[in-house]
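Chain lettering (A, B and C) follows the sequence in which the chains are written, and residue indices restart at 1 in each chain.
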Amino acid sequence: MYTNRAVGMAYVSPFLIGLALFLLFPFLASLGLSFTDYRLQDRWSEARFIGADNYTQMFADHTFRKSLWTTLIYVLITVPLKLVFALFIAFVLNFKLRGINFFRTAYYLPSILGGSVAIAVVWRYVYAGDGLINQALTLAGFGTVNWLGEPSTALVTIILLRTWQFGSAMVVFLAGLQGIPQDLYEAAKLDGAGPWRTFSRVTLPLLTPVVFFNFIMQSVQAFQEFNGPYVVTGGGPLKSTYLLPLMIYEEAFKYFDLGYASAISWFLFVLIGVITAIAFTSQRYWVFYAQDRERAP
Amino acid sequence: MASSVELKRVKKRFGTVEAVKAVSLSIEPGEFAVFVGPSGCGKSTLLRLIAGLEAPSEGSIHIGERDVTYVHPSKRGIAMVFQSYALYPHMSVAQNMAFGLEIRGFKREEVRAKVARAADILQLTELLDRKPRALSGGQRQRAAIGRAIVREPEVFLLDEPLSNLDAALRGQVRVELARLHARLGATMIYVTHDQVEAMTLASKIIVMNAGRVEQVGAPLELYHRPANAFVAGFLGSPRMNFLEGSVTSAHAEQVVVALASGPVLLSRNGTGLASGARVTLGVRPEDFRVLSDGPSYRNAIEGRLVLAERLGAETLVHVALDAASLATPIVIKIAGDLPAGAPGAKLRLAIDPDKCHLFDPEGTAISEAAAKLSVSA
Amino acid sequence: MRAVAPSAPVRPSTPAALSNPASLRPPALGQFARLLMNLGPTLRYSVLIGIGFLMLYPLLWMVAGALKPNHEIFSGIGLIPQAPTLEGFAKGWQTSTEYTFTTYFLNTFKIVLPKVVLTVISSVLVAFGFARFHLPGRRLWFGLLIATVLLPKSVLLIPQYLMFREFGWLDTFLPLYVPSAFATEGFFVFMIVQFMRSFPPEMEEAAVIDGCNSLQVLWHVVVPVIMPAVISVALFQFMWSMNDFLGPLLYLSSVGNYPISLALKMSIDVTEATAWNEVLAMSTLALLPSLLVFFFAQRYFIEGVTLGSVKG
């Protein structure tokens, strides 16, 4: 609306500077670093170019492969689980309930607090040998489980930690559900649609934009999970919860191998990028937008 | 205080689209000028150019003596009333009205006095402390106008101010606007797509279509002497009926036009019309009469009744003149009721020979050469 | 009952298929689905309360644990302490380090408050630029803005660390809040842009006619009107910063600079015999600011989340 472009650029300039300084430059620098052998304690000049050695080392590294595998499993389980819970609860909530706000708050609360160290700490406490979960299991007649000590179960605690925070996705789904006009349900009823058909043919298609949004956001966040593994399990036992972000951190700041860590971080970036790109291109086939999609400017 | 407004060959391009195509206009001080036309015709763009919210691609704009083409909106001596009122929602009515004055550095007492005066004119005094959300549509409308009055501008610009009001309110506010104009004697430039507003409010109507000015003039002049088929069809409701035909014979006192339904005799000076020339005959709905059975009449047209819309004081009768025009019947307006007839019934219509318009194939009105001399009763 | 023609293109396929839906799926599933979908209020309430209680139980147990003496911590699943005491809070606050939680809380706020203020200011300015000006390459920049939301931060971690090391900012709070002055969190800018766009520009045009320059329009007209979005941004950034762990972990080395998140982690690292009641007490306190802010400003959170997503 305002025609003075120079003034407009002035308003946007903080972002442009920040983009270059804190985003673009580090982004490219880490790519560059991934092709070097650079230790944390070195000066810049001591970085040695070693070609793609970091990458070959990476793919040969057993720890990396295990970490990648663990991360993939983690994402593949948490994201759908989270979305299903979120949609289910949003669906149950989408009703002229008295106290809908109360419930919505109650379910949203974990996702507000969940990313914090405090909750991760509490999680360690809850899954401890004689923690809450084991006490409950004993009460119900089952035996206790060494959640944090067994490689087979440690990842489950991390998965549950993230899934517990489905509140933010739920709130988005709820908004999406509430955005579907009542008229459509009435029309479907007149057409004789039963509840399942109404859900699958009316509700779900109209929710696909929200499903898509949630899927992207949740996936990208899941791939970057750090607090959980670091605080609750320390990546163990036996690297069973050693997710990629944690590995990147340790390679860089515990083993001081910045070149290698950068290579892994770039791999992670490409992985997320590919998945996001696939999701975006697949939109055409399953996401239904009710109005014209107005892309930003 | 009221100033003239002049546009000289103003053009406005948005990218490759020419929204305004070389418009030149002159508006006298104190006139109520209405830009009217279908959506997309460029009328709002023209208003925004005068306001200074857009800059013209070519041409110049003058307010009073000054060339304001590149002058900032706040320094052009204009005030604008927006379609959506654009009141600042977090400020009271009084603060809304005072805002511009405060920015311009007027003293507190002066501001208060001006606001009080404007509020008095618009009967807003009791509403001064309310916020816009506590006002009805009509009240918000008045607050927006109040904000404009307080600036004591040289020219008022109004962008479809009535379109957000419901029908009942619209008529009321229309009258208030007319009264306001009379009281202030200000130059008002008004944009609307509603030809009723144009006809009732304007002292000068500017009809626009696709970025061009079709005709400029007083309302009744445009109504009775439209320059082209567009203006003829735009003003007047229901729309003027257009019938295709060709000239059979043309003389100094009469012209005979052959329509699909038969020949029609017009009392007009036909000199200059070539025999066989294709013409469009334009007749307004109120210029028809329904003939009762009986004596034949020279200008009778036969048709079949399609639909009669009885409004009480008048009836709109849709008549199909031949099988081909069943989908697009002509509409005629008669006082009172139509003597009962079922759809399909035969009707005989007469056209008032003095009240016809002729248009050439391009749509331009065919004027009468020495019209005033020959046409009598 | 009015007959309404569905306005959306989505319609059940054919009337014939609808009249015997049972033929299209197993009957048992249909019964269950019917039950589920036609949930009466009682069923809904029970589900909500049941699952809700399970979800919140860890939090409740945390608070309960904070009030128990240490030997009672693992004694049972119950919430009510047999010997309620505040010693968890008292001892926990003192910590076994040379600093108390006072220092740690203060550190947290020294990080969070500048971050929130800088985020709000820069996001509003940048959003205004994007929303209302014709910028060269606007699509590109805006696209990049959205891309930053999806960008995994781990790929920027190492070079950013090296850069701040060059600046000499290690072990200070600067790396944690200075980037916020540059509107690098695209999500917030996006949210404000969408909110600004939902208002027609006519109000701002009126202000221009009233004689305002763009900054005056922003301050007098735009900011008051977009206040809900601004508050949402502030609240979200507050929450996220309170929870930030990796940032402080990376840049802060002296314990005297630790915010609550690092202090908490430290408290469970110390020895094998963790004083859990103290840890839980401090965890509760750590969550308290977020909890309070959330309860008082829920509306803005929920609206903020939906603003960025459903409208997007």
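The criterion applied here is as follows: a residue touches a chain if its C-beta (ideal position, glycine included) is under 8 Å from a C-beta of that chain, and two chains touch if they have at least 3 such contacts.
What you see is a predicted model, and the numbers here were worked out from it, not measured in a lab.
**Student:** Can you tell me which chain lies farthest from subunit A, using the average of the Cα atoms as each chain's centre?
**Tutor:** In terms of C-alpha centroids, the chain at the greatest distance from subunit A is B.
**Student:** So which chain ends up in the middle if you average the CA atoms?
**Tutor:** C
**Student:** Report, in whole Å, the distance between the mean C-alpha point of subunit A and the mean C-alpha point of subunit C.
**Tutor:** Taking the average C-alpha coordinate of subunit A and of subunit C, the gap between them is 14 Å.
**Student:** Between subunit A and subunit B, what is the gap in Å from one C-alpha centre to the other?
**Tutor:** Whole-Å distance between the two chain centres: 59.
**Student:** Report, in whole Å, the distance between the mean C-alpha point of subunit B and the mean C-alpha point of subunit C.
**Tutor:** 55
**Student:** Residues of subunit C touching 2+ other chains?
**Tutor:** Counting only residues that touch two or more other chains, subunit C contributes 205, 208.
**Student:** Enumerate the residues of subunit A that touch no fewer than two other chains.
**Tutor:** Residue numbers touching two or more other chains: 1, 3.
**Student:** Which positions in subunit B are in touch with at least two other chains?
**Tutor:** Within subunit B, the residues that touch at least two other chains are 53.
**Student:** Can you name the residues of subunit B that touch subunit C in the complex?
**Tutor:** Within the complex, subunit B contacts subunit C at residues 51-53, 73-75, 78-80, 82-84, 86-90, 99-100, 103-104, 147.
**Student:** For a test of understanding, state which residues of subunit A touch subunit C in their complex under the given definition.
**Tutor:** Contact set of subunit A toward subunit C: 1-5, 7-12, 14-19, 21-23, 25-27, 29-30, 33, 89, 92-93, 95, 97, 101, 103-110, 112-113, 115-119, 121-126, 128, 130-132, 135-136, 139, 164, 168, 171-172, 175-176, 179, 181, 183-184, 186-188, 190-199, 201-202, 205-206, 209-210, 213-214, 216-217, 220, 223-224, 226-227, 230-231, 244-245, 248-249, 252-253, 258, 261-262, 265-266, 268-269, 272, 276, 288, 290, 296-297.
**Student:** Using the touch rule from the top, collect the residues of subunit C that touch subunit A in their complex.
**Tutor:** Contacts found on subunit C: 1, 3-8, 10-12, 15, 18-19, 21, 25, 30, 33-34, 36-39, 41, 44-45, 47-48, 51-52, 55-59, 61-62, 65, 74, 76-77, 122, 125-126, 128-130, 132-136, 138-139, 141-146, 148, 150-163, 179, 181-184, 189, 193, 201, 204-205, 208, 214, 239-240, 242-243, 245-246, 250, 260-262, 264-265, 267-268, 276, 279-280, 282-284, 286-287, 290-291, 294-295, 298, 301-302, 305-306, 309-310, 312.
**Student:** Inside the complex, what are the residues of subunit C that reach subunit B?
**Tutor:** Where subunit C meets subunit B, its residues are 200, 202-203, 205-212, 216, 220-221, 224-225.
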